[in-house]
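This report concerns only the one structure given below.
Order of writing sets the chain letters: A, B, C and D. Residues in each chain are counted from 1.
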Amino acid sequence: MLPSRPGINVIYSSGGLPELNSPYLICGFPGSGYVGKMAVDHLIEELHAKHLADIYCTSFPPQVLIRSDGTADLMKNTIFYSKNGGSNISLLLLTGDSQPGNPDSEYLLAEEILDIAAKFNTSHVFTLAAYITGVFVEKPRIFGTATDTDIVTSFGDRNISTMDGGSITGMNGLIIGCAKLRGIGGTCLLGETSGYVVDARASKSILDTLLSIVGVRVDMKNLEQRAKDTEMLIQTIEQQMAGRMGQQQQSSTTNRPSDMGYIS
Amino acid sequence: MLPSRPGINVIYSSGGLPELNSPYLICGFPGSGYVGKMAVDHLIEELHAKHLADIYCTSFPPQVLIRSDGTADLMKNTIFYSKNGGSNISLLLLTGDSQPGNPDSEYLLAEEILDIAAKFNTSHVFTLAAYITGVFVEKPRIFGTATDTDIVTSFGDRNISTMDGGSITGMNGLIIGCAKLRGIGGTCLLGETSGYVVDARASKSILDTLLSIVGVRVDMKNLEQRAKDTEMLIQTIEQQMAGRMGQQQQSSTTNRPSDMGYIS
Amino acid sequence: MLPSRPGINVIYSSGGLPELNSPYLICGFPGSGYVGKMAVDHLIEELHAKHLADIYCTSFPPQVLIRSDGTADLMKNTIFYSKNGGSNISLLLLTGDSQPGNPDSEYLLAEEILDIAAKFNTSHVFTLAAYITGVFVEKPRIFGTATDTDIVTSFGDRNISTMDGGSITGMNGLIIGCAKLRGIGGTCLLGETSGYVVDARASKSILDTLLSIVGVRVDMKNLEQRAKDTEMLIQTIEQQMAGRMGQQQQSSTTNRPSDMGYIS
Amino acid sequence: MLPSRPGINVIYSSGGLPELNSPYLICGFPGSGYVGKMAVDHLIEELHAKHLADIYCTSFPPQVLIRSDGTADLMKNTIFYSKNGGSNISLLLLTGDSQPGNPDSEYLLAEEILDIAAKFNTSHVFTLAAYITGVFVEKPRIFGTATDTDIVTSFGDRNISTMDGGSITGMNGLIIGCAKLRGIGGTCLLGETSGYVVDARASKSILDTLLSIVGVRVDMKNLEQRAKDTEMLIQTIEQQMAGRMGQQQQSSTTNRPSDMGYIS
């Protein structure tokens, strides 16, 4: 095994690398609304994905997280894998506690993760992100950008709104940007979310879209339940806000801040 | 001797390394209330611990500290050792002027310190920290987290409150987190303190708990005296605050801010 | 090909390096008013300059930029080259999305760019910058500083105002400063601009001056059109400001903040 | 010549290193009131000191400084040397445009400078700093700290007030702190200054003290003239402040802020 980049430490599960057939890499980094991370964590659970490697980085926040059983662990990213039963489709699933705290380390971690995926001949990478609008909506839209025009062209068929400007900051952007330079395809899907709550509804929307692209099916029951919880939370907030607005200015009936449209 | 990590310079006492029998490493980094550092400094003094090594780091604040005799020294961490007379228990005792000023260097220093302990086959590491509550209490509680569930299980017998969430930031967290990845056990003990004063009372509490775990006894007279000084200082502050409150609102007789519960 | 500096990745166009006869290196980094970048981008377009190399740097902002066709790319600097038809003058033309986010990386990138230019025996480097004054002027002046007194002496003939103090920060300064240490000549030309708008008029002025120095001619039509747009934008702003001033204090008819004179 | 530390580039004058007999290293870094730098620049001028080496550092501010003749140079530190005629005393004199912008680089530069001095068997290092009090005084005091008690002991004879606490931040502290670890003696002399003006009077005081220690004499005329200018500037400021105070509250006749006592 080659040594990792400075400040990055990859610890593989014992027993050697599994054989995977050019798996998709699907990344759910922690970010606004936990949209991406929640979707990937759901996939890991429902697919009974197996542990591949932990990735430690000295630019993660310098702390241990305490679990409910009282034990403490360094912050890390973790890659799981799934051969997905009889089908031909295998997946690498990345989830994590944190993104690195400075630009140089974000680039290094993106390259390190792609090195790991390259061991299995990954040819396409997905990052799942949040599209922050500052408003609550009935049905969250899915936005997308990609490394190649033929991927972008396919967005229309899948009800993905193609972004045509701006930027994707952090690991969700860097992973697909660095992938492109290696000749690996990359797609960033962004679930519309207010940015005010942990948004399982946006998470479910983005996962539905992803699964239809990669051709994998999983039980969505648990995530749907959490999406319903999100919906109720949003309704409660909207009612409270409407109430407060009503007290302040009786003529106003809606409380929709204008679209902020930034990405996280 | 292997070269140290970049930016870290370890200078051992001349005369070769001592023979130590799998010593505990006990760390008292400077932090809120000087709870941990004061406890370890007391141990060093009472055990007549011997100097092992100075650790310099280019991420310590770029300055010299001026001593009362007019001489100046770079900031450093220092490890002492104690064979503790006839007993079988030996200790590595770390005290210091500072923690590094950025996350990457905190991780590096944690690994460097563990490398030093590994030369002596240390199998368990303790870090002594402060649990900041923002209130003055009669009897400071001791909180704890550890690398392994069997350590956590033993907390109850020793009147240690097990933490079940949150994080431990800085060297106190990283040392046990990095230890865990090497298969070395780690415990972080946190003494409850207001965060407003240098708190020798919390320091004494945490040292009592530590000594009962490692099975070492030391004369506590000096630290008890300092703990009494802390107690008087707190009483003075409380009386002044009560006086000021009385002037402001006659009905109020206590001045206890709510529990802030953060760690340092 | 020698490996690049840490954090910098240079990817050359396939097909080997072109043969260039000691080309001038002309740098248009993004900065205030896009004065330099717009001038170099115009040169690249009008000279049909060819792609030489992309330069990636882990201290560029950690993000991908989304293009109008929906595809995303890492931030980068790019060097083009032009042999300029039958004449003897060849050019290296640097344009980019960003400057590095910290001083150390700015120095490293400056050295890397000069290494690339050195492959072609470049003996003189130009950086095109903005001279921010905070005021709108009819005819933007050109300011200059250089590595050698004989270059400075020639400024008078070309209507360039010689700077006699202050500093040039960022890549525009470092490139000529680092060039000087290698025995390569360097000139920084600065176009006067308000700093309030993307200023194609300052861009055209600086390009006129540059072209007269290097002895290259290009069609200026497109940039002249953009300069006219800038002029109209400025007139609109001035009229609005005059209007607002008129409402506030009827006796005031101009709104010229005093010269701020800083460089970017 | 060994390669320099990462980010540091030392360029020696051509013609080989001079032969110097264990010279004192005297450092005048830029800082508050330019107290140290002005003193060393005066020494360099009056001793007709010769250029030894320029030191460039990628953590100096990323900019070029423009000189009055219109030429631009990277920021640097420079070491000059003086054999001082017939006497046995030789000097290394360090002056500079800047100190590095981050702690790690400050440590690295301190070590690099000491490496250069070590080539000539320097056994003692002086740093000249400012002791900021926030008040104007008739006769600035000289404060001192050192690496060894025997140096501190000698302070009394030379009218140097020994510091007995606090810290010296930046290069002035690190140079003597790092020297101590190499077995090289170090003294930091600090000239009392208000911190409000470029203070040639404090500069002259500290230089008088330094010269009496190292046993070198130089013509002080130019620095005395500048010290008189400082005195007049201070008197003007004091009169203006007294005038303003008189308008505000007629009973007040002095305007002395309390001693701030920090070091720079």
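One rule holds for everything that comes next: contacts are C-beta pairs under 8 Å (C-beta built on N, C-alpha and C of every residue); 3 or more make two chains touch, one makes a residue touch a chain.
Computed from a predicted structure; not experimentally measured.
Q: Moving only between chains that touch, what is the shortest number of steps from chain A to chain D?
A: When the steps are counted carefully, the minimum from chain A to chain D is 2.
Q: Same or different for chain A and chain B, when you check if over half of the residue numbers at their contact belong to both copies?
A: Chain A and chain B contact each other through largely non-matching residue numbers.
Q: Taking the mean of the CA coordinates per chain, how far is chain B from chain C in Å?
A: 54
Q: Nearest whole angstrom, what separates the Cα centre of chain A from the Cα centre of chain C?
A: About 38 Å, centre to centre.
Q: Which chain D residues sit where two or more other chains touch them?
A: none
Q: Can the chain contact pattern be summarised as a line, a ring, a star, a complete graph, or none of these (other)?
A: The chain contacts form a single closed ring, each chain touching exactly two others.
Q: Looking at the whole structure, which two-chain pairs count as touching?
A: All touching pairs, sorted by chain label, are A-B, A-C, B-D, C-D.
Q: Which stretch or stretches of chain B touch chain D in the complex?
A: 7, 9, 11, 56, 58-74, 101, 105
Q: Residues of chain C touching chain D in their complex?
A: Residues 103-104, 106-108, 144-149, 152, 155, 162-171, 173-174, 176-178, 180-181, 186, 188 of chain C touch chain D in their complex.
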